[in-house]
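Going by the order they are written in, the chains are A, B and C; count residues from 1 in each one.
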Amino acid sequence: MNRQLSQRFAFGLLWSAASATIIILAIIVMFIMVQGLPYVNLAFLTGGPIAQGREGGILPAILGTFALGALSLIIAVPLGVGAAVFLTEYTRPSPLTTIMRFGTDSLAGVPSIIFGLFGFIFFVTRLNLGWSLLAGGLTIALMVLPTLIRTAEEAIRAVPVAYREVSYGLGASRWQMVRTVVLPNALPGIVTGIILSFGRAVGETAAVIFTAGTALNIPTSVLSPTRTMAVHFYILAVEGISLPKAYATGAVLIATILVINVVANLLITRGVARAVRR
Amino acid sequence: MHYPLVLGLLILSLFLTGCGSAASAAADQLTLTGSTSVTPFAEQLAETFEKQHPESHINIQGLGSSAGIQAATNGTVELGMSSRQLEEDETEQLQPIEIARDALAIIIHPSNPITDLTSEQVRAIFTGSISNWSEVGGPDARIVIVTREAGSGTYGAFEELVMNKELPAQSALRQGSNGAVRQIVAEDADAIGYISLGIVDQSVKAISIDGVQASTAAVLSGQYKLVRPFLFVKRKDAQLSRLGEAFLAFVLSAEGQQELVQAGLVQGADAQ
Amino acid sequence: MKERLIGFLLFMSALVSIASLAVITFFIFEAGLPLIFRVGIGNFLQNSIWQPSGKTPQFGIAAMILGSVWVTLGAIMIGVPLGLAVAIFSAELAPPWLAAVIRPVLQLLAGIPSVIYGFIGLTILAPVVRAAFGGPGLSVVTAALILGIMILPSIVSISEDALRAVPRAYRDGALAVGATQWQTIWRVLVPAARSGIVASIILGMGRALGETMAVIMMLGNALQVPRSPLDSATTLTSNIGLELAYASGQHREALFATGVVLFVLIMILNLLANVFTGRLVLWRSRAPSLSTMRTLWRNRVPASDRRSS
């Protein structure tokens, strides 16, 4: 009886913890959306800021965000997928792969402010790229590399061994096999990793401020400084420039993250469905 | 087939086109770096300037006075922005151009009944020797001090003008910009902070110091003492680009100065 | 020939992460270590006075280290019980539809930018704390509460993996000898998943320790050793984030030196987490390591079968 009672009590706690988590997320999203969405309109999305963002729109920040995300992915995706292919297809577990994996894991744990410090001293100062899309993109590329490697590795491992054997049986070389069999089949997983990495680039602030800068202009080249939505939100909110505009920017930011997560999830479920059909 | 090769080429070409367009754009692109206090005013000037010269791009990077001075010294930018006087070793290489003067306003929450403090009282509050509003005739509440971080020009000016180089109390909250200080003071009934007079709005209350209310008139007449310069700095040995020259001329012109005065600043010594 | 070239290129990309880790380490240390040696390691770590500008600069980060410790422990106190509860719930109790809700909820919590969390702490929580307990509101409690939520996703995902990886026989055995479901969970499954759970806590600590922007917004950034949870404080990260833009010369060096200390702390946590997940085997514990559990999990009976049995 007592045991049943304590079980009921414990399960009650577990249920409330789970509901609390859902409620917390709902509060955060609703709070920003309810306050921000009324101010979001076409002019806000397609207009430039006036008076540091007190008036006008956030087009430069939207473009800056997407440019920075795209640039970092262009740099990181080939490296990440290449690393994953090497670790899964080209080598057996050895001390070297242990070190490589340790490097990836450690990189994943490095806080973004450290990336910011590094990007600032190395890309901005040492390589003299200045605060620019390129310096920011390179920094974010390093940040998202572990995510890309891990998701690509998992996706590649999920490709059945039999596929590889068939391919070899047809006389394919290792690279031909990877290119024609492994990568196409692992694509949904790889794309999921890419989308999640893009999400990280969108949400990052600390590393971006010190590498890509805070200039509120539409970037004209990879060497222009830029300001992402997250940075713009931070500046509007903290400096009290305009609370309505801050909420509106936050709403666009959260909507972007929502879309990214939904797309990634769709791809994951589709990938799983495909795996089940096999 | 040549997947990595193609991607590599793609990246390379992207970089090259990027660099190419950067080189061609460099002629009408200007970046100013430095004081976060100067930043909002510089951005406003840049907006007006860009409207008149649609082909030009002016990027304003708010990073702090010291960073701006350093960037100008090592040539990262043509023009740096500073909200404090240059130190002696900095004047060796740099030429300061005073584009405006700015008063530091001491601000409190609008609900706080206090309207005037002496500069001694302000110092005592910020050093922590006065820690309750009742000690200066206010309500019985602990004073929440809001200051700026080391390295900021506003902090440097405040340290020099008010603090006699004494340190603020350890319990003082630190914020990264004028706007952030205003935001905290506007939210907290017991707070006190200091910001650019041009940034003061109805969300906070600027008190008078030694009986003088902070205003551009009081700055011009010399009655209000908490005044610091807003500087553009450039290397003495370097020639400004055409755009840099044009922007600087605009800032110092009657039109640019009028815009700054309307924003709550006082005409700079180097203005025409 | 082409095959070998491709193999080489792939090998090089696999080296990038370890190489960039090395480069990052090198540049942070190069920029920060000279100042640490000039000031003295003991002085740098134990002096609580940070006065980077002025005639007689002092570089002591003791107050920030303590600030980081307070905030991180606070976040753990919030995040671990909640995270573990959610992990147990979704691994063992949740009806499938609810588990299908919780997973994306956690993903979204992980995806929300930290500036949004900081803003929530600044605008919703800080005024509540100020009204309820006094003080500036921007305080250790405020930061710890929000950080506790921010680290939730990492804690849940790793603990949940570890719980799910416990062999089915453990569960069946416990239930067969008459244990209740809760006793099975608490006495058998949680201990068996111990190393994974510990790893999740360590990684959660790492995240809390490393968070910057949200902390700058919520913690008030006072340069003092916090004496109560209602005090404002500064962490290692928030001081770098707040001052880096303004710093030059020695001051900048000192911020990089702060980065060195942070980096070392994070690497220690990473190593520990790796040891606990069994990825880096320094000693063998008797509990099954997470990697063997993962293998077991991959060969598991599908969840649908398990529930009907």
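As a working rule, a contact is a pair of C-beta atoms (placed from the backbone, for glycine too) under 8 Å apart; a residue touches a chain by one contact, two chains touch by 3 or more.
Model, not experiment: these values are computed from the prediction.
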Longest centre-to-centre distance from subunit C, chain (CA-based): B
By count of C-beta pairs in contact, the leading pair of chains: A-C
Centre-to-centre distance between subunit C and subunit B (centres being mean Cα positions), rounded to whole Å: 36
Distance between the centres, which are taken as Cα means, of subunit B and subunit A, whole angstrom: 34
Between subunit A and subunit C, centroid-to-centroid distance (C-alpha), Å: 18
Sequence positions of subunit C contacting 2 or more other chains: 6, 9, 245
Set of subunit A residues in contact with two or more other chains: 78, 82, 238
Subunit B, residues touching no fewer than two other chains: 4, 62-63, 175-176
Parts of subunit B lying in touch with subunit C, wherever the complex brings them together: 4, 36, 62-67, 69-70, 142, 144, 149-152, 156, 165, 167, 170-176, 184, 187-188, 191
Subunit B partner contacts - residues on subunit A that touch it in the complex: 50-52, 74-75, 78, 82, 128, 130-131, 134, 179, 213-217, 220-225, 238-241
Residue numbers on subunit C that touch subunit B, as the complex places them: 6, 9, 50-55, 63, 126-127, 130, 134-138, 216, 220-224, 231-232, 234, 242-243, 245-248, 251
Interface residues, subunit B side, partner subunit A - complex: 1, 3-4, 7-8, 10-11, 14-15, 18-19, 21-22, 25, 29, 31, 39-40, 43-44, 47, 57-63, 76, 175-180, 182-183, 186, 203
Interfacial residue positions of subunit C with respect to subunit A in the complex: 2-3, 6-7, 9-21, 23-24, 27-28, 31, 81-82, 85-86, 88-90, 93-94, 98, 101-102, 104-109, 111-120, 122, 124, 149, 152, 180-183, 186, 203, 206-207, 209-213, 217, 237, 240-241, 244-245, 255-256, 259, 262-263, 266-267, 269-270, 273-274, 279-280
